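Every chain is named by a letter (A, B, C and D) in the order it is written, and numbering of its residues begins at 1.
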Amino acid sequence: MNLKLLYFARLRETLGISREVFTLDAPATVADLLDHLRARCGVWTTELAVERNFRVAVNQEMANASTALNDGDEVALFPPVTGG
Amino acid sequence: MNLKLLYFARLRETLGISREVFTLDAPATVADLLDHLRARCGVWTTELAVERNFRVAVNQEMANASTALNDGDEVALFPPVTGG
Amino acid sequence: MKITVQTETFDLNAEVAALHRNNPSVGAVASFLGTVRNESGQVSAMALEHYPGMTEKALSAIVQEAQTRWAVIDATVIHRIGPLAPCEPIVLVAVACAHRGDAFAACEFIMDFLKTRAPFWKKETTADGGQWVDARDSDETATQRWRKPCH
Amino acid sequence: MKITVQTETFDLNAEVAALHRNNPSVGAVASFLGTVRNESGQVSAMALEHYPGMTEKALSAIVQEAQTRWAVIDATVIHRIGPLAPCEPIVLVAVACAHRGDAFAACEFIMDFLKTRAPFWKKETTADGGQWVDARDSDETATQRWRKPCH
């Protein structure tokens, strides 16, 4: 399945990417996706480490590691929010 | 001693007076003053009955029955406040 | 601190700007605007009476108490008196702080005490004539919840 | 309900008037204005990034949750994005209700959830370059206190 990945704020800058299409075998969860991204090594491994504080939204709703992914989903990775 | 009495809002209208100078023997408390005012009978007795809901301020600060009065004090009687 | 009792209306933008004064420590302004309600459709006008002298003292004491409880940078209280039409503004309380928690708490505290401790009285005019508004028990309850616990 | 994400500033008077709309049921408008702080004197500018699409959804969900909890007549949320100078307004939350208790609670609830659930990120510019602002634990704590007790 194809996922549309979006990166925001500090993560976007550190990872050096704002969006990409990512292909992943179904079935998969957010945890599976993160494992694949960490396998890119370097900043991907350190920035997306389990103990790092970041958030994942699937189709513009807050998600967690066990959220299931489907073909065409929009998955966003970003730091804790700081607006207001 | 001479007291300057002020009446506000519903009490002012019901008692038919907005201000007066009242002479009272010292020492006296708010309770003593109220007893003298109730002795005027009629609306004075009913409006200032102990069970009626009204407030007393002495020199522009909220007071109670035991507050002591001194010559020249400004004593105000009024209903519970309803601003805001 | 600005405490004003006035017959004329006020300008929210101007009051908030004057309170903020481009002070870079201010990050939060909480404000409350009270307006004349006319839920029944029967109220043609309202009149506000007050106790000149005591009103300003009472409002100052309330704001000062808020300043001892929260990190208030500045605060404004404006209360109108005299005749008012439905929907017109009655009261403005605005509080500037570094952070929002202090601003919300101080603003609500000032309003709760204004409602029960500041000598204002409302009289509504309907087709039946004038009627003094009764105090609400819920206002006293709102004030009581700010009591500090005993030590 | 009005939810807006915009680069330009906003007018407090106009927003409150539009929210109140001379509705005689409205007796209370609580509002919160957040401005760019510069306590250190080091911040020359701030930039706000957001997640278009999700931002509006998240803000709508927060306001709708507030409407299920309190008697909200209408609410407005405006959040600015892009470059901002110190002291400039960032966010406005205004809530119109019949009574002040609902207005204060709903306004503070919306701000607390906006701070932790709406996808905005602040970046400060100082002489040393750009620095993403860190999330504050106190904001998450403020959000958690709105949790409903279990039954």
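Going forward, a residue touches a chain if its C-beta (ideal position, glycine included) is under 8 Å from a C-beta of that chain, and two chains touch if they have at least 3 such contacts.
Only a predicted model underlies this, so the values are computations on that prediction, with no experimental measurement involved.
If you take chain B and chain C together, no chain is in touch with both.
Separating the CA-averaged centres of chain A and chain D is a span of 26 Å. Between chain C and chain D, the centres computed from C-alpha atoms are 22 Å apart.
Centroid to centroid, with C-alpha atoms defining each point, chain B and chain D lie 48 Å apart. Shared interface positions of chain D, i.e. residues touching 2 or more other chains, are given as 34, 100, 111. Within chain A, contacts with two or more other chains are made by residues 84.
Chains touching one another, given as pairs, are A-D, B-C, C-D. Those residues of chain B that touch chain C in the shared complex are 6, 8-10, 13, 53, 57, 60-62, 76, 78-84.
Against chain C, in their complex, chain D makes its touches with residues 11-13, 16, 20, 22-39, 41, 43, 86-87, 98, 100-101, 103-104, 107-108, 111, 138, 142. Those residues of chain D lying in contact with chain A across their complex are 34, 48-51, 53-54, 57-58, 79, 90-91, 111, 114-123, 132-136.
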